[in-house]
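Structures given as structure tokens follow.
Each of the two complexes below includes chain A, the first together with chain B, the second together with chain C.
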Partner chain A sequence: MTLQAMKAELGFLSRPDGSSVLTQGDTSVIAAIYGPGDIKLSREKIEKATIDVVYKPKSGLPGCDEKVDERMIRNICETSIVGSLHPRTAINIITQEVQDSGSLLSCCINASSIALLDAAIPQKFTVAAVTCVFDKDDELILNPNLRQEKECKAAFTFVFESTSYETVATTSFGSYGKEQLKTALAACKEASKTLFTFYKDLLTKKLSKD
Partner chain B sequence: MEHVGKIFMPGDVLSNLQASQKSGKVVLGPGLKCDNDSVFVNKPGVLKHKEPNFYWIDSHQKKYVPTRGEHVLGVVTNRMGDVYRVDIRGSEPASLSFLSFEGATKRNRPDIKIGDLVYGKLLCANKDIEPEMVCIDSTGRSNGMGVISCNGGFMFTCSLNHIRKILSPQFNLLKTLGNSLPFEVAVGMNGRIWVKGRSIKETIAIVNGLNSVEYMDTNEIKVMCRKLLDTLAGF
Partner chain C sequence: MRDNPLSICEREFILAAVEIQKRIDGREPYDLRKIKITFGLDYGCCHVELGKTRVMAQVSCEIAAPKQTRLNEGTMFINVELSPMAAPQFETRSQDLNTEITRLLERSIKNSRCVDLESLCIMAGEKVWELRVDVHVLNHEGNILDCANIAAIAALAHFRRPDVTVCGEEITVHPADERDPVPLSILHMPLCVTFAFFHNGKCLILDPNEREERVMDGKMVVSMNKHREICTLQISGQMLLEKDQIFRCTNMAVKKVIVLTELIQLSLENDSNARAAGEKFGFAESVETNEITTEYKEESEVDMSDIDDQVVMATQNGNSEDGSIEELELDMETKVTIMFEGTGMIGQGGANTWDMDEDMESDLTEHKQKPQANSRSATIAKHIGGDLSGESEEEDTVMLQQEDIGLQSKPIISSEEPTGNEIDLTAALAKPRGKKKKSKHKH
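For the complex of A and B:
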């Protein structure tokens, strides 16, 4: 099983310290990183960097669901970033939805991960997220579109790290059995490897300029 | 050293690093970290090596992280008693004492106003404390550092990688341009460059030249310089 076509650009925005635009299938997200930068005295942590994530939907204000996603991205970034190298600073991550055609959360995580690479923020590892669903015939679909997401029995999003491909974070909904979870995890783990090679190709392209 | 010059990603482990023969040690620079006897990469970039035992990761970063001993161009933003706050594009402003100028005493203060450009050296830059800047060397001489006079000249910013390229000994633009076009220049490691030519027209030409050479090689730079000088002369 393979992922849909991916397209990404590093340094997409000129103002932020690191940015990326990532298109997976028809879903597209822009991520921007500011930092390590200035921080309000009340919010600074004496031993590590403060990481802030903002998720902006295409229209309207972010609601509860968006806040949950925000929190998840922040927790993932907090595990990957070596915050102790930049104490008393802020690292701001902004993700902007451009087009949602399913698997939005994994696209957001991947876009922020690429933007972190562009900003050269010190990290213990890189992360990659893959979404999959079981449709009504119990077929496994990787990175589903909106319709498949709506009609599915169960949906999973797994986030893996690049050193030993262990899971960093996971969310799921719907009803599923133990075996289904295992197949989903194995399929997503395999698919995440293509994401990591994709990241490396992007960086190679960026650094080959001089 | 087969892995020097290759691209590494955060989390990669390095082995077979060449240690110094005398001490048996390896010096790790930016982007490398030692943990439990193995060396981890924590920034994406190209592995660089310098004889005998220096290793570091060269990454394209936009944000400046202050490092001790680097020359920087700062903008004075505030004055608090005896020290000035200077913006050096880092995560926090640097402090600059009014006594750290050539010939400055308690009576004889340097003439600095808010908004002035100062060229100085980072005396201390630690992640846990505020960076401190000075405009004198260890012998008390200014050595080219100090306030940059506000009449004329132009300050602009460019990428940190570009700055390192401009300052590298192989880079020939400043010399080639300077042969036929005298100008003053101050290059800060924090991504700021200040130039001043004989006229505004010449200053603009130099700024354009400096901005366009980021991805050029030595020969292309020579051709570009000739073109620039020709246009300036009106050909």
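For the complex of A and C:
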């Protein structure tokens, strides 16, 4: 089983406090972080930071599906960020679709995770998302492309945390058996370790002297 | 989020610098910043970097009805999104700057009729192509308009729409693998050039950056094409300009426009060559890999040798759960009890198949102690209970006998079996969630 080529750049944009561009296979996403910054009085939380996530599709206005993805990213980031260190502030996370060639949601989650690292927002752990599908011959494919995503029997996205590789969030589509779910979970967990090493290499390179 | 205010020191420094023909980023007054144009994998996707200002444009199309006033012309819609990514003060709802840029782009591109909209007609008065240009501002470092204009025009020139054939009343849209998509006919390329004025219009600079934009008295936007035709001209701000100055600006603008048009043509050519040669192209390729901030990892094998063991172990655990459920189901089949006259009960409820926290489990054991009736038997019990109270005289009173239950219980159980399988699945699903909660506690 192969995990597609990955390419990431930190500090891609000059204005945000942290930004990244992540390409997994052909899918590309730009993520940017602003914060912790000021917030409207009506939206501030007295004990922790308010986390705002905006997902921008490439063409057209965001619809219901995009809102669901947005919400999922927000929930994940709320778990990972130590918001209590920055009470009464806002942390804005913006993800922009650049190229959708399948597994867009996991790419968005990973890009925001890298951007959070770039912005040096305190986190309990980093997260990595992996999408996999069972195709019509019940073969497991990691990070599928658009066609594979369309023709699949079942699709899963698992999000893992970096400390003990436990699941932080999951979402699935289609019909599948118990065995398949377990195989998918185990495979994605294994693949997430590759992603975490990638994050580490990326940060090591950025913070290196040369 | 509010933007950082500009200090008085900075303001005065910029103004003083402009007065002696110097700029804070080291450019000459009439220099454009460095421009980089890249195209995406999809047709009609263009990224433009003007210095650090970054804009992405995407063109899309669909078939729609034409406007009632122009029955044989396609339509074009320009949508500018000032993404909150570009600057902290931008929010999702539209604002003045957004409207200003949208209007100027419409005047520059749509009203100059640079795209031949008549060629987008499929069937006069019935079906035409509707073009949509989405312009996303990703990074705001000044002069968004020029950057957005270049991105929009380049994206339109790069775009290919699906081919259509009309046979009588029938319209066939050919997908890309059937027939090559057709490019739009772009008649000319109007490009905006922005001049910023300082000191009551005495000093002027080209392509102001974000700091300079905040200090300037006013600006003039000229949209021209390389044939020296002015498509739009707008002067805004608090200043008065002389006629000579406007002529000077337009003469300068045309030189820049010629350079820009050549650049767009060149990058379009490069892209089509790369596509034809089957080389790598697109946005991802434009990201440099040898920078310190970038990391590249080639396609890698994920080691799956441990996974099979994990799955086997997990399944074994799962099987033991299954076993216990089956046993209980067998119990349920046999144990149909009559609690007291008129009330029947089947089983004691299934075993807990969900992975739960300890406190939740203790809740469940409490529940377990209370005899839980099967839904079907519960309705029977209720029905009879109502009769016994004698509220409705019309209904026949049915007494539930041991034999009746024996007969009824069979179909109930057979219908129960497939649902038993479903319970397994939810158990598997619940697993990660349960773990998630535990991991939360840890931290």
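Heads up, the rule we're going with is that the second predicted complex is superposed on the first by the 208 of 210 C-alpha atoms of A that agree within 3 Å, B and C clash if a C-alpha of one lies under 4 Å from a C-alpha of the other, contacts with A are read in each partner's own complex, and residues count from 1 in each chain.
Everything below uses one rule, namely that a contact is a pair of C-beta atoms (placed from the backbone, for glycine too) under 8 Å apart; a residue touches a chain by one contact, two chains touch by 3 or more.
What you see is a predicted model; the values in this text were computed from it and never measured.
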Combined model on chain A: chain C and chain B, fit or clash: fit
Which superposed partner A:23 touches (first chain B, second chain C, both, neither): second
Partner chain in contact with A:198 - chain B first, chain C second, else both or neither: second
Which superposed partner A:161 touches (first chain B, second chain C, both, neither): both
Touched partner set for A:1, first chain B, second chain C, both or neither: second
First, second, both or neither for A:187, with chain B first and chain C second: second
Inter-chain angle, chain B to chain C through the CA centre of chain A, in degrees rounded to a multiple of 10: 100
Which partner, chain B or chain C, touches more chain A residues: C
Contacts of A:96 with chain B and chain C, given as first, second, both or neither: second
Touched partner set for A:9, first chain B, second chain C, both or neither: second
Which of chain B and chain C A:79 touches, first, second, both or neither: second
Which of chain B and chain C A:64 touches, first, second, both or neither: neither
Minimum distance between Cα atoms of chain B and chain C in the superposition (Å): 5
Set intersection of chain A contacts, chain C complex versus chain B complex: 16, 35, 37-39, 124-125, 161, 206, 210
Of all residues in chain C, those that touch chain A in their complex: 1-2, 40-42, 45, 52, 54, 56, 58, 60, 81, 83-88, 92, 132, 134, 136, 138-141, 282-284, 287-289, 291-304, 306-307, 310-311, 314-315, 318, 424-425, 427-429, 432-433, 435-436, 438-440, 443
Chain C-touching residues of chain A, taken from the complex the two chains share: 1-11, 13-16, 19, 21, 23, 26, 28, 30, 32, 34-35, 37-39, 54, 56, 58-60, 79, 90, 92, 94, 96, 98-99, 101, 124-125, 142, 158, 161, 164, 166-170, 177-179, 181-183, 185-187, 190-191, 194, 198, 201-202, 205-206, 208, 210
Chain B contact footprint on chain A (complex, rising order): 16-18, 35-39, 80, 82, 85-89, 117, 119-126, 161-163, 196, 199-200, 203-204, 206-207, 209-210
Sites on chain B touched by chain A in the complex: 7, 9-11, 31, 33, 40, 42-46, 59-63, 65, 91-92, 127-128, 161, 165, 214-215
